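Here come two complexes built around subunit A, the first alongside subunit B, the second alongside subunit C.
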Partner chain A sequence: MALVRDAVADVLRNTSLVPVAARSIVTTLPSSAGGEVGSLDVVAGHDLLRYLAVGLRVFSSAPQPALLEELHRCLTGGQGFKPANRVLTVTSDHHVVTAQETAHAMLRGLFKPTDCIRVVTAVSELARNIYLYAQTGEVRLTMAEEPDWSLLFQVVAQDRGPGIPNLDEILSGSYRSKTGLGKGLLGARTLLDGLDIKTGPGGTTIKGFKKSRPPDLSRNP
Partner chain B sequence: MAPFETAPDHSPAPLMKLGHCLFVLVPGNLRDAAARELHDAVAARLAKEQGIRGLVIDVSALSIVDSYAARVLDETAHVARSFGSKTVLVGLHPEVAVTLVELGIDLTGLETALNLERALAKLKLRIVSEDGDGPGP
Partner chain C sequence: MTAVNQKERLERVIDALARATCQDYSHRVPVQDVDDELLELEVGVNMLLEDLERVSRQNAESLGEIERKNREIAERSALALRELATPIIVVWRGVLTLPVIGAVDTERSADMMDALLNKVVAEQATHVVIDLTGISVLDTRTADHFVRMAKAVRLLGASCYITGISPAIAQTLAQLSVDTSSARTVQKLSDALREVFHELGVVVRSSAA
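Right after this comes the complex of A and B.
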């Protein structure tokens, strides 16, 4: 059984760090470092990486990116984050709830609670727009790790409906639909980090994304 | 008024009358159709019963309130007002409240309270005690 703590110690031993410094860094690691390699979730891994960056700064010079990258590899057991991908067909209000639940399950524990609710709400708005305006379509949800170790959640809502004729009006906030859903699209844009809308008579494709904050390596934990 | 309330509510949630107050527990994972039914059931109940002065909607089971759900809640409050009842939401999750503000949703027709006790205080209602302070107009 390889412990994260031992793996970190191994990596540090093979660097230019003074042995005392390397030992101090390992000694001051939080208890979660006692877990098995690959046992930490992404959030715990990021937290630990933050401790390591601080340790490096305290006990040696500034953090070296290459070294941190290697430490990140050993924290995650070399596997990194396992990307997730879900495709949901939307044809009724029941599928809106399914989309909410699926998105929530993917985000829980990885994003801050408030961000979770923001993103799930945005997904809900996009899914509902499909069944209300295009009757049928598909929602694709993906979660992947970025090079800066943050997580990227993406939602793609696609339909072959009639398109959104008054998109500019909706996005300017001046439109109020009978169903009150003009707010949905505008709201989804506010709740996510970015929303790209392509619409025409042949259908609508909306891509949105939200990034988790990467571990801040410059601050104390 | 009938001695027993036998009429089916067709409501996805129980509607409980407590003195001058109607208490609604909104179930989690609310489908659009269910939200609509809940709205209709509350309206029907308010029309049927006299003397309900306050409507308390418990939304603590809702981890998500999007624009549609918010609009149904708002409309329910409007209906309640037309029957002379004030509406108070209880148990709104803080994350949900933040999200609603960012969605640009205006819930001015609704009051919110931290718990049932404060909701009743806002409605200036109190739980009926045994000293004969009975319900009814």
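Right after this comes the complex of A and C.
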């Protein structure tokens, strides 16, 4: 399997780019370019594409969306990058902050800034609920690229806590919680495109997702 | 005593060197009481191993020392960061500002509340501005915390402004239906200060004509 660096060099060689510019772009690629073509997940892949977009802008003045699309196709075989996964254990208040930061790092540059804040906030609500009501649990974050290059972010928050007894009341918005559970859960549902809640005495599993159009590769990150 | 033959002696030297390659410097080549060229080699290797053992022990010690110092520095900077985390600035007599930067966890928010309320009392503050420009994410709990903080400040008799909410956060908060009506929100820190100075009758003007 070819290295990312070589694949990029191959694409750039067949363009109008002056050879020295192409070479400069290739030699200054971030370390993720040292891996094999299939090894990049969607977060690392788009990081690399943004890096290439900057390089192309520096060395050829005009943004080159077509060229970036070709680079994208060549790095993914047209199938989209493989999904990025992060698994976080939540056992303390500080892990809520870690969950925010991890989600932010996955979404930055892939989702619109406002959507990015929305999703990070929703992840934060779910992680905080785990800590507040079940003490320990797990948050799984996934970013996947669909065949049409649109993006799908998923969050799964799972715990073995006591469950949510008054779920219907909470979701109808009539429940006023002293501690904030109602608001957080309701908020997470509003902020995401969908939220599926399974709860019972054995624990709670909440799955949420948010979609986004493909990021504009030629746009300034 | 039967002298061990040369091949065997060489093998012992090689054995000691092989152990040294695996960072076991404690082994020594057994030395026979035969004065020949091989003896020089054996003694030479042993001296080398002696040196290596000493140096590696020193290395381990200084590594431990460095690690200890590193931990110390990390602890000290964490402490310093926590002190720095809630810088409350007296911008005018009776006017306090609290710029909030970075993530706010429970511990930090409690610290913040404590420090601010104590400062309000100590400075006999009439106005407090909490600036959230440095915050990238506000979830319901954190937002509630700032609203509570504003309420507590008001209970102490000072008016409280919350500033620096970015458009993205504003949209999110609106969707979360967080009730911020009990806190006075103003766009920028400077806007809040202008209002405060106006209320206090302080006139700020440029000295240029």
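We take it that the second predicted complex is superposed on the first by the 133 of 221 C-alpha atoms of A that agree within 3 Å, B and C clash if a C-alpha of one lies under 4 Å from a C-alpha of the other, contacts with A are read in each partner's own complex, and residues count from 1 in each chain.
Everything below uses one rule, namely that a residue touches a chain if its C-beta (ideal position, glycine included) is under 8 Å from a C-beta of that chain, and two chains touch if they have at least 3 such contacts.
Since this is a predicted model, take the numbers as computed values, not measurements.
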| item | value |
| --- | --- |
| Fit or clash - subunit C, subunit B, common subunit A | clash |
| Subunit B versus subunit C as contact partner of A:P113, first or second or both or neither | both |
| Contacts of A:L56 with subunit B and subunit C, given as first, second, both or neither | neither |
| Contacts of A:L141 with subunit B and subunit C, given as first, second, both or neither | neither |
| Partner chain in contact with A:L192 - subunit B first, subunit C second, else both or neither | neither |
| Contacts of A:T121 with subunit B and subunit C, given as first, second, both or neither | both |
| On subunit A, the residue positions that both subunit B and subunit C contact, one per complex | 93-94, 96-97, 100-101, 104, 113-114, 116-118, 120-121, 124-125, 128, 180, 183-184, 186-187, 190-191 |
| Of all residues in subunit A, those that touch subunit C in their complex | 93-94, 96-97, 100-101, 104, 113-114, 116-118, 120-121, 124-125, 128, 180, 183-184, 186-187, 190-191 |
| Subunit C residues touching subunit A - in the complex, by the definition given at the top | 103, 105-107, 136-141, 144, 166-169, 171-172, 175-178 |
| Subunit A partner contacts - residues on subunit B that touch it in the complex | 29-33, 63-68, 71, 93-96, 98-99, 102-105 |
| Subunit B-facing residues of subunit A, complex | 93-94, 96-97, 100-101, 104, 113-114, 116-118, 120-121, 124-125, 128, 173, 179-181, 183-184, 186-187, 190-191 |
